[in-house]
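Structure incoming, see below.
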Amino acid sequence: MLLYTLKRLLYVTPVAIGVSIVCFLLIHITPGDPLSAILPSDAPLELQMQMRAAYGFDKPLWMQYALWFWKVLHGDLGTSIATGRPVAAEVLRAVGNTLILATVATLIGFTLGTFFGFVAGYFRDSWLDKLASALSVLGVSVPHYWLGMVMVIIFSAQLGWLPPTGAGPGGSGNWRPDPEHLRYIILPALTMSVIPMGVISRTVRALVADILDQEFVQALRAKGLGEYGVFRHVVTNAAPTALAVMGLQLGYLLGGSILIETVFSWPGTGFLLNAAIFQRDLPLLQGTILVLAMFFVALNLAVDVVQTALDPRIERA
Amino acid sequence: MSAVEASGVAPERDRGGPAQPLLSVKGLVKHFGGRRDWSGQRRGMVRAVDGVDLEIFKGETLGIVGESGCGKSTTARLVMQIIRPDRGEILFDGEAVGSPALGLRDYRREVQMVFQDSYASLNPRLTVEHTVAFGPWVHGEGRQAAVARAHDLLQRVGLAPERFAGRYPHELSGGQRQRVNIARALALQPRLLILDEAVSALDKSVEAQVLNLLLDLKAEFGLTYMFISHDLNVVRFMSDRVMVMYLGKAVEVGPSDVILKSPRHPYTAALLASMPSMDPDNRTREAPLFGDPPNPIDPPPGCRFHTRCKFAAPVCSAREPGLGAEAAHRVACHLADPSSGHPGAVAA
Amino acid sequence: MAVLSDIRIDAVAPLPARASRGYWGSVLRRLMRDPVAMVAAGVILAIVLAAVFAPFVAPGDPYKGAMLRRLRPIGDALYWLGSDELGRDMLTRLIYGGRLSLFMGVLPVACAFVIGSTLGVFAGYVGGWVNMVVMRVIDVFYAFPSVLLAIALSGALGAGITNAVVSLTIVFIPPITRVAESVTTQIRTRDYVEAAQVSGAGAFTIIRVHVLGNVLGPIFVYATSLISVSMILASGLSFLGLGSKPPEPEWGLMLNTLRTAIYVQPAVAALPGAMIFITSISFNLLSDGLRSAMEVRS
């Protein structure tokens, strides 16, 4: 197990380095002078020269990458142009909020998704299946930012039950699990959960249908195993993959939260990205993306390892 | 009438005359996989073919038999140059394959293969005539001419072109598909045809038809066959000579009626005895082979068969018996070699 | 985003040996017997036709606004689907919006299909270390969640339709390449490919005659399943201000500019998103139907 983990870690490292290279190059694909990407245009000349030296824009590309990478390893993700604060601090603050939102959304999505998927898979081709499958297709096809807007329209504007934006009363910067903040997370989390719900539901349906189709299930039934026993059996067989998909969905939500966070003004990394784009604040953009991407890579690795641990049949080279 | 004259092959294609074997293989070795250990040596490899010599004479059919894993299919693929041998030489009518005198592309016009799985050997998106015409077309024949040749061949394998040429593989039965495969193999006018379990997947009645077709074609075109099978009855029917393989090596080679009536290698005898008997007076009694087939990654030392052999003696695990030279019926067994030191070996 | 992680790569298989005469003919026939897929196809056709013939179909001018007639509700005498925040007719803007939205949704997938298939088939056929290198590079891009990658590229390149299309194309190349490589690798070991090699044909000929015909089908079906994702992403980019710019009619952009109107005319504000939804779900259902039609149950 440990060996497998180490092997996967080794496999993932070049990918992680590749990811960092892509993030590094983001600044260099923007039109114009890279310096303008990291400093406001009216910065004093000496600061410009300082920055030029520090980032090494006059040096060859690979050296610039090395310099940048060195700084990143030391936790220095640059300084935000707009706020002047270190990017790392901003990202760290925001990541917590996004993590909470994404986790809650994933859990809701997973619960609903497995339920629908099971129903659909068990009662295959019946009206229940059609209904559950329809719901999952909906989940996968709906533009979630639009759904968010619709939710706000219904529950905030029309009914006034839930607040439309923000993570807490008075636009508080962080969400805390206390009764005051609870109302704020409901709409964004529900909206966000629709995607994992759709994906997990489809996956589970396929898994359940697959397992039930296999001959050994019929053999079990012929031996007299009751429905509950078959059910448990299906669960144990489907669980590893379903959990893996859930883990991956969490990763997608973490990385793709920007749209929902924009709609609900949720103070997370997505919102940060939005601000960064609008203010052409490239260090912030680059830093946030790097952190999120690395999170995703680490999460994929974790899912991989856990899945192999749970499912002894998977033999990886 | 010499074999060359009897064969319909244009004499100008024949190089060495009837005495020269059409195919001569020496010391063929192929190992798969394995990892290098600390000393740099490769370990844990599958020794699929481990030093095989064989010869096929012009106009004959050499049957190759053995259980799964003995290396017969790998041998076929090595001869066909689908995979490259690690060691060994392959001579076709005296010329080394891959040498300037016989490049790979030319070799492809001399040797062709019919595969076992008739479904998987045909591109589901091509019609039958296009599948057969593909080879000639690749070698420079115009599309029209290639298709015309394909039609001609389909006729000869018993598939009327008017009915079959435009069909797709899934519209044909197993036997019909195999006929298409044969037609395709013949389209390049090879002199040697390798049949790798070509009839194993067919129903018995269809199998008989295809075998008879193969015999007719052999006479008509003057072909030479390498016929690989695990079915001893079929091999007996088709072959002039037989080679028995075990774990990557040849253990017995000789005329088919001799080997299959009076085998001299214990493995061959066991194979024959394990065939269910149709004769009520001569029932198959005990399972003649005991033990599990060893795995080709770690073959037993000495004679590879000794772990399952009734006649095993100490010398069998110490030294590997050679196949012996020149004689028409060669055996790799210490029992047959009077100088081996095996207690049961009979003096010549 | 959603569907990209949903499609199990191993579930995309090359055509089974039971391909039928006029293979696509029979697939089409099976598809036509699927009511859900046919309705979806009909909807898409309607939207596409409306977008193409917009000048003839739409009642008004998509750019002309009348500030006095802003935010009229649905069912208004002049503006059947209401008017937007600048007084422009919603029905007209929605019809014209189909042009840009469809364009930005379909073009990236089409480009990625071409590029990704080429890369994937090449890597799959050649195998060995070439395959490894190509797939590892692809892995790097795959390591980003798609939304994030789209935004990163768009954000760096700057707003605009071209940049958005370029970013999305790059986002979709990795999954298509993966599928192409996987299917090609499976085909490559088939006996008939071996037989073709035995016939002495060169690699390009074999790929052209034997591989492509069997491989492009599944890749194409997979690509169609990406269209709905692409539409949502493209509109999403516009929603964030990274795609099309005002005053162009485009559904995502319209959602953005109408956001403030949700308290005044919520139904009107939600309309563009409904269009995205309808189009996206139709593409999904059609793609699902196509996949079912191609599956031969033995």
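A, B and C are the chain letters, set down in written order, and residue numbers restart from 1 in every chain.
Definition applied: a residue touches a chain if its C-beta (ideal position, glycine included) is under 8 Å from a C-beta of that chain, and two chains touch if they have at least 3 such contacts.
In this text, all values refer to a predicted model and were calculated from it rather than measured experimentally.
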item	value
Pair of chains with maximal C-beta contact number	A-C
Chain occupying the most central position, where position means C-alpha average	C
Separation of mean Cα positions, chain C and chain B [Å, integer]	51
Centroid spacing, where centroids are CA-atom means, of chain A and chain C in whole angstrom	22
Approximate Å spacing (C-alpha centroids) for the pair chain A, chain B	57
Of all residues in chain A, those that touch chain C in their complex	14-16, 18-19, 21-23, 26-27, 29-31, 137-143, 145-147, 149-150, 152-153, 157-158, 195, 198-199, 202-203, 206, 245, 248-249, 251-252, 254-256, 258-259, 262-263, 273-274, 276-278, 282, 285, 289, 292-293, 296-297, 300
Chain B partner contacts - residues on chain C that touch it in the complex	15-21, 23, 190-192, 194-202, 205, 209-210, 213-214
Complex interface listing, chain C residues touching chain A	1-3, 5-6, 8, 11, 136-137, 139-141, 143-148, 151-158, 228, 232, 235-236, 239-242, 255, 259, 262-263, 266, 269-270, 272-274, 276-277, 280-281, 283-285, 288
Contact footprint of chain C on chain B as seen in their complex	80, 82, 104-105, 108-109, 112-113, 115, 117, 119-126, 131, 134-135, 138-139, 167-171, 181, 184, 188
